[in-house]
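The letters A, B, C and D name the chains in turn, as written, and every chain counts its residues from 1.
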């Protein structure tokens, strides 16, 4: 038996012993997802037990080194763990922008002390982070951000406003892009970390066309950010004024995350599902539209598989996630247009005596953000034109 | 009875007396179209009789003044004539770039002597013109033309090359854009007229993907163009170096002509025609595509009607022909894609024992030029963005 | 008739544009009533004002006290309603129900039209039985009962159903559910016993009802037109609804496009106005082209309907489908080009997307009407 | 199996790319034979060379002297054929007919495979009877006659039909024309008496035949597989043809796209390279995305076919339809972005458009296969 087979059977046994049956059920609502942090509470004992078992084993961040709270698994071992968890439909023990975004940035750019402190806190679910990138005026042109940190010797005074800060109202700390040099567009941004309870920080949830959202506006009004935390831990990641390098690195991560998440994992023809749901043959022209869509969707599913296979062995073009993000989000928007069309007037119901949810129209409207968040479709096309097709001036 | 009613009954009687029955049949091949000119021959007596009757009445160019060979009809009278000719399916007595393009330019920019000479020659079908605008390097960027006329005192020596010169091999004279000042892009072009038999002029027909074409390449090799013809008739239209004004004026004419000619005048659903031709119900997905197309085509037919109505009373936006050209040519391309799809493998036949024509595939391929000639779709969209939507920097 | 507005129509368009732009504006009407959770989804005061302007009786013959105008004029009002997303019962009452009542007897007209002209009454039209528009299938049954009829069955997606003082109901008086003939139209008053409303708020915050009829007794006077001969009346009502919804759709498209083009001229990214980016310019120009064409199709359909032309119903479907395509494109491009703020409830562009979606379904979507164009054309 | 080429396949791809790029290049093959008016539409010398490379026997089992490879490998060759528009009987002979013969008995294989392996024989496949692909309808009739069969009927759009030494014919041995069962496949030799060819040149200058069978006598050995049980063999042949044509289509798409992207980097207008115009950049980027996705669908379908997976036939239709969409877009954008010169016969981009059109029809177009995806998915 190879080492990997050995690891698989151990893992299977460990999961059997530690993953409670309730944690093998599909996620049904927000409370089923555990985000950790200061203010976190568990929905039930099973959630708590599962999280703690994983935390103690390093399985909240299996591939991180053990000294930072991970399990130090090799890529092959991490894949086996994912497969085995997926086999029993195990829920993720901990969701966290710390794991997905700040962690990779710290592993790449952090000082040893930063890594020891923050990565362990993240891995142990003790801190919940939010991301302060976008500003009302910046949009796709992220680097035009205006939030300014005035240098006051041992601290900055930060003033400005962020937008689209997911869960800012629930986060403990923020990783945040702050302009610290107004004379250099790219080399005048610092990637700062600070506490959301610092005086002068306030948040306001954003109501979307699809209804309530995790997004917030975040305001900084004379927020004092020390340059060092305690024993010489710098408040910024990377060097001062070189935060753009960190941000760029993370944007790549984000796009891969989003490109994987949208529209790519469906292998069943949507026309069949919608026809079943309608309980009768659909309008013939709509059926034809669904058929043409299903061709695109099933082809994209193959592309998703191919992309992941190529990523694994480093064969994918580094800008390919942009293509995946573009095609996947545009496809997902079309999918929901067709769901609405097949649903007819019933799909228009926003609230009624039976339901005040309007799940279908809200989901449909929510997809409209897919091609905006994480880089607009237009930016994706620019990147493909420049980096893959190598068109001039792109 | 109003004057117009009077005119209508007179016209009807005149047509009855002068338009031979053969000239009321649809045009079947190239020889059915009379283009006039030095080398012209008539296909038959009916064609000759009809042409000469119209010529003598001024009906080759009914709206031109009588002193220039026209009938001096008012717009309302000209409309009545068109209606009455269309009622009996009368063929056009004379086709001519002189009528469609050079004539309007001369009426606007010509000297009195130029008008007297050339307009009468055009109206009487004595001269056949071709248009020398495009060059291999210029394309949409017409003004970048390189054909150069060197000033030699009383003449120019013209060298260069034109492309897409329709019927250059059959034309007597050319109206041609020639650079006469290399230092001013826009104000360094002269709109010259010269004889195609001048030594140094040669032509070569262009073979298209759709087969033989009226288009030629035209070469100028030390062509000597005098600055005056005979009694002080200038060789150029408008001022020297101000030919771009004339060309721009004519481009507007050309676009209106093309926008009217393509895709706009069909009011019957193509799906019905193709289904009848197939002799069996079409594939249901193809039927749906045809239905979606027919919605667009029938809506565009209404737009065509609205556009003409608005043009008549000066209500149309001056850049609206660009919109019509864009939408009409794109629609026509789609129409022929669907004709090909409905025709299946039979529509692929280029030549066979029954036919060496390949009419369907040739017509299909020919439509691909619709969105290129007379201003590309991209240029049309630029113009709409700039002149109608008034977008910045467009 | 030329395909543009004559002087009188142009004047009406100015009046309607000014009125809807001021009184019917998004902040004043749509947002106001939506944020109040208003059970009607529109304001009765505005409806009264529309009556004072004469709009409510635009299709009512002069003999009945209306303006005696046509679908071109009704469409002028609807385009401005669409452009301002003005919630009102105009389309169901003044266009569709008024078209039905125009085929009714003197008693019916005398009973219902004065309330419409005064802006006191609201009407609805109940056709569909199911989530997708399908007027070829009418199962809802009206059986003879004494001098009148007894109505049983259900109707779905009855826009303004719960607010309506009278509902035009298409019911079956003979034959089976997909028969063309055997349909009768009834004017059912709101207080008819046995009628159940399940009122739902739609995505555009308008209200629609699922209505059940349980032994609803109607007297003979409630019949609009001939018993069993209602298909012809229904077809008129449908064409009026199609062309009316198409006109409103073109208004939605133009409102959304204008707002978006304005935004392209204001918003900066990468040091440029985003309207300077050629990719967006071309998409905006293409959108303009689609909206213009849709508008031409709608005016053509209105004129044909007013002229009683043979191909009016075909063109009504072309107009509804093309307006749906153009408006759908306009709101999608609108939200995308607005970027993140286009997704926020605070900005109006999302409201256009929601209204477009509801209007797209109303009286049949683009797929239904494309299919109808094919069928009517014989393929 | 990962969805990319393994090392052996990558090596084959290099070999095929080099061979087709040199020997199969447009100037050397397509234009050469076209301008000669060649009656076969391809060159036999190249076919011989392809045999020497081992390509002709790529799907033939090693036991029969072939390479014993799969549809992934055949697709590698086809993609390069598509990219270079190389005219050859590879798809009909080495992919479709070879798939049929693979289901045939020892005698049949011994009779026909050596010629294929040597590049001496050309095969064709006759399925359709009519202008649109419809393998569900087989009317062409084979009746028992002595120890063999007598064939009557006609077949259309038989690509390479007139050049073929043997034609695989799907005929009906029982049942009525739209029955699924009752089909038998026959290997009909070129010299069979009673066979009439009407050979036509297609838009891409390939040759196809309308074939008539008038009392064509076949002996029992001509049957491929079981009498009346030919539907299963036919389905295999069809899937091989679909996936093969899809692979060639992706090659056409890539060839056209590459040529166009190169042109965008060379052609100047308004003082800029046209590739600098954002509107063209976005369209080119979208095209890239479509071509990549089509390619993934094709590789997936090839792998499923090689694995004999249950959903292979569904994915074959997805692949054919998606490749058709992507290639159709690639050639349309190609000609438009080339502008006027793209319309001239002198430039190669128009040849891509012509080949795409013929390939789109071959074995069913995008509409047929989208409909098939819907049917197979149960809607």
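Basically, contacts are C-beta pairs under 8 Å (C-beta built on N, C-alpha and C of every residue); 3 or more make two chains touch, one makes a residue touch a chain.
Everything numeric in this text was worked out from a predicted model, so none of it was measured.
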Taking each chain's C-alpha mean as its centre, the one farthest from chain B: A
For chain B paired with chain C, centre-to-centre distance based on mean C-alpha positions, whole Å: 44
Approximate Å spacing (C-alpha centroids) for the pair chain A, chain B: 58
Averaged-CA centre spacing for the pair chain C and chain A, given as whole angstrom: 42
Distance from chain D to chain C - Cα centre to Cα centre, in angstrom: 51
Per-residue multi-chain contacts in chain D, two or more chains: 277-279, 281-282, 367, 370-371, 374
Residues within chain B bordering two or more other chains: 284-285, 287-289, 291-292, 378, 381
Contact graph of the chains (line, ring, star, complete, other): complete
Of chain D, residues touching chain A in the complex: 2-4, 261, 264-265, 272-273, 275-276, 278, 281-282, 284-286, 288-289, 292-294, 296-297, 299-301, 314-315, 317-319, 321-322, 325, 366-367, 369-371, 373-374, 377-379
Complex interface listing, chain B residues touching chain A: 284-285, 287-289, 291-292
Touch list for chain A against partner chain C, complex: 134, 136-137, 139-141, 144, 163-164, 206-210, 278, 282-286, 289, 333, 340-341, 343-353, 358, 361, 364-365, 368-369, 371-373, 376-378, 381
Touching residues (chain side chain A, partner chain D) in the complex: 268-269, 271-272, 274-276, 281-282, 287-288, 290-292, 294-296, 298-300, 302-303, 305-307, 309-310, 312-313, 315, 323, 326-327, 378, 380-382, 384-385, 388-394
Residues on chain C engaged by chain D in the complex (per definition of touch): 277-279, 281-282
